[in-house]
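Handing you this structure, nothing more for now.
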Amino acid sequence: MTRPVRVGGTVVGGDAFTVVAGPCAIESRDQFMTVARRVRDEGGAVLRGGIFKMRTDPHSFQGLGPEALAYADEVRRATGLPFVVEVAAIEQVEVLAPHADALQVGSRNMHNYYLLKELGHTRIPVLLKRGFAAELREWLLAAEYLVAGGNESIILCERGIRTFERETRNTLDLAGAVWARQRSPFPVLVDPSHATGRPELVTPMCLAAAAAGLDGVMVEVHPDNAAALSDGFQALTLEGFSNLTRALRPILAALNRSLSSVEQGIPHP
Amino acid sequence: MTRPVRVGGTVVGGDAFTVVAGPCAIESRDQFMTVARRVRDEGGAVLRGGIFKMRTDPHSFQGLGPEALAYADEVRRATGLPFVVEVAAIEQVEVLAPHADALQVGSRNMHNYYLLKELGHTRIPVLLKRGFAAELREWLLAAEYLVAGGNESIILCERGIRTFERETRNTLDLAGAVWARQRSPFPVLVDPSHATGRPELVTPMCLAAAAAGLDGVMVEVHPDNAAALSDGFQALTLEGFSNLTRALRPILAALNRSLSSVEQGIPHP
Amino acid sequence: MTRPVRVGGTVVGGDAFTVVAGPCAIESRDQFMTVARRVRDEGGAVLRGGIFKMRTDPHSFQGLGPEALAYADEVRRATGLPFVVEVAAIEQVEVLAPHADALQVGSRNMHNYYLLKELGHTRIPVLLKRGFAAELREWLLAAEYLVAGGNESIILCERGIRTFERETRNTLDLAGAVWARQRSPFPVLVDPSHATGRPELVTPMCLAAAAAGLDGVMVEVHPDNAAALSDGFQALTLEGFSNLTRALRPILAALNRSLSSVEQGIPHP
Amino acid sequence: MTRPVRVGGTVVGGDAFTVVAGPCAIESRDQFMTVARRVRDEGGAVLRGGIFKMRTDPHSFQGLGPEALAYADEVRRATGLPFVVEVAAIEQVEVLAPHADALQVGSRNMHNYYLLKELGHTRIPVLLKRGFAAELREWLLAAEYLVAGGNESIILCERGIRTFERETRNTLDLAGAVWARQRSPFPVLVDPSHATGRPELVTPMCLAAAAAGLDGVMVEVHPDNAAALSDGFQALTLEGFSNLTRALRPILAALNRSLSSVEQGIPHP
């Protein structure tokens, strides 16, 4: 049985299907507000948006950093949506925690056991992405680092593994996500934006995740993806996001499920 | 637009979702008849069953060979289901074609261009599995070998790719299957039995394939999988197969689709 | 202990280190003669050159076919070098055998068990390449198909496996080649031309193979690689080939080994 | 041209070939001293030994931690060997730096850009292992994080990549290591202990690395590998280590190279 995890006013891992959405990186107050409103209006239940980015190239855009914290607060208040943000280093935990409802451990940090130990000592929900070359067993052991510290508010997220195939950015291991859900008590999401790197594959993979019985998806949305400062090529447009939730609803209904709703008035932790 | 392919009385690739099912290998008349009846009764529209097997170990069971041809004929007649069988070598084409409604090129033969050329000169439908380490682009080029010979009755089937992960037998590349369907005129199936090697993952992946808009699935079914002579560990039981089609129907209905039906009275080619 | 294999006048798998070299494909009498003379003069002991090619794209150059057989005969006679050629389909066995001292099973055919069975019934030496996604265990089982038929004149050749890395065409699994040599009675070569796809990596990998105790290498050489009809980008130039054997000699000497020599006057089989 | 890096009394990256050796983890004063003496006596020029380990399973041995620092100091003094130790988290930099001549960034931390930035601001030499699923290009970009901070004392180390093959722990990408050496100014080592996970493959791969022109190797040595607290299965015995350097010398001599020597009396930084 999956143990639901409360993220602000949203419960992840019960009967409902949670759509986590937002831009890869918060680029400005307006960009984030625009995306967040659409996410809320169309059925998204958790907001995402990067503040400190992990970039392969040291000369790439690394996120707005502290400047974005105020935007996050404002958008969170305005929309009522809980907010999940990636924590890329131990010292960011205390910086980000007051502004977020959950902290994300990114793919490159799944093996960063010191960060996991630190998060194990907090009680903030953790969204733990699978390393892009992590075996399923290693992913569950990474969650064990959190549990060992006393933090059991864990959401797993498969985001594609690295294979020989290059038409897609990674290979979404949907069966592996189902395997993890069958063997662990944690809700499991998939992130088809990073997994496929192609917006035209994101919606089919979200529908597939719903049909396979997973607990939700995390998708990137950008109002103008050609102008995005990071990974814009893979983001859904605002309209693409509307189409996604419209397509999800009948499949969820056929399974006696629905999109997660956000309970308003829940004070952020 | 996908070009539908007629396989005996079944059309693969139109609005309907085709379930291809049967044992990994035909082991006896009774085993094949038992499985085939359940497949037909529960909504399967094409029958599968190996006659000449491709086995990694020369000392493994290699299929019944010619003895199984009579069983295939009888079962095909008794159930009215069209039959697809793997052709493992050029000289088998003329042996198998009179007994089958489609010939399957297995994963290990996707790069066997001489076999593809031979099949390109026939007009029998070909179910072309993706090589377990073939790039998507190479898969479409393999289909091009058939087209170049004049045979455009092609059904693609993704059956899992080889990755570092070992909890599953292979990694089902569902997004890759959708990619292929978006870029080629051929219907696309997935085979979650070989892809996952775990019966408990087969049904979720079939539902996912339906939700993602693919044209069908190919699954292995065995009346007594502990006693199967090849790959029994991954086969659905008869009851598991019934559960699969029962779970598929509401999802297909939500998408205004249904299971393929078999038009009776179509003479086999 | 490795069991040496006689290929025409060359023994593969004894104390000496065998350099197999030649063009990817025989393109003309002159091209093949030019390369072959350089190969012989610089210490190569077996000649290679494709006649029927396995190409991913049906519209690529597929080899000269039967026209090249006469060139092979002439070059073999003129240089005294034994000749190994890839056999891509069962019906080519009897076409090629009279013109070759060994037949190569290419990477894409390692899993073609019907071809292996056919070769198992001959007594011609077989150079068995590892499939580009074959596990080491599967490679040895493929050799077992030959042994089961009675043919134990087997030379193994590792030619790179498919991984996520793309700066090199494949990833040369040198440790895997050594593993195979430690566990099987067959001599083991590596083919760094296909493995790396980069001429500047071919010589270092040949030296590495010698130091690691393997039995030889197979390399592609072309007199004008910019004009080559297949895979020219990875071929050594004639001068590059001279540099290779010049670099190999001192390393082999340090190991009390030397380049294989060709015993002249050995009638071709 | 490679830019040599001074690590205590040893120069890595000049004409000489550097053998870095020691136990996976420092387990006791005696274990470390025993190994270190053999390493020094047989031609090793840098000592390794883990203090804070990165373990997949939170319940595995995690290294002795601070207790081992005194052992490291004592062994370094007694043998005169420079010492490289893995730094697994930012806060360990200042703990470890006074006791080490170089800090190692392990495979799981290659993508930990915050750690790299921190090390970029020091002037201590960094041994940067390739991530086990990092592309070569990403590896060089990780080095770029160090360079961007002003630290150009970088030694690269390839330690095997994750592939479908499982007979070896990872697949040593020797050609990739040579590629990196051809394209970057940094010396390049390989670590065949982690790459292969099999002691019987370690020596052949070290010889191969020497022949391929790389700058050295890093190997694990344990006096009693059956009793080792981590990764003992892959360590060379003391005698195995002696055999390794004995086998390296003639190959290096053939290339007009030799084992690195340690300049004594160099004060540790």
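Chains: A, B, C and D, in written order; residue numbering restarts at 1 for each.
FYI, a residue touches a chain if its C-beta (ideal position, glycine included) is under 8 Å from a C-beta of that chain, and two chains touch if they have at least 3 such contacts.
Owing to the predicted nature of the structure, the values given are computational and were not obtained by experimental measurement.
Trainee: Considering subunit C as a copy of subunit D, what rotation angle in degrees (nearest 5) results from a C-alpha superposition of the former onto the latter?
Mentor: 180
Trainee: Using C-alpha centroids, which chain lies at the maximum separation from subunit A?
Mentor: Chain centre farthest from subunit A's centre: C.
Trainee: Taking the mean of the C-alpha atoms as each chain's centre, how many Å separate subunit B from subunit C?
Mentor: Roughly 36 Å separates the two chain centres.
Trainee: Between subunit B and subunit D, what distance separates the C-alpha centroids? Give it in angstrom.
Mentor: Whole-Å distance between the two chain centres: 50.
Trainee: Where does subunit A touch two or more other chains at once, residue-wise?
Mentor: In subunit A, the residues touching two or more other chains are 133, 162-164, 166.
Trainee: Given the complex with subunit D, which residues does subunit A contribute to the contact?
Mentor: For subunit A paired with subunit D, touching residues are 54-59, 88-91, 108-109, 111-115, 131-133, 138, 141-142, 144-145, 148, 162.
Trainee: If you look only at subunit D, which of its residues touch subunit B in the complex?
Mentor: Residue positions touching the partner: 133, 162-164, 166.
Trainee: Which residues of subunit A touch subunit B in their complex?
Mentor: My answer: residues 133, 135-137, 161, 163-168, 171-176, 178-179, 182, 192, 195-196, 198, 200-201, 204-205, 207-213, 250-251, 253-255.
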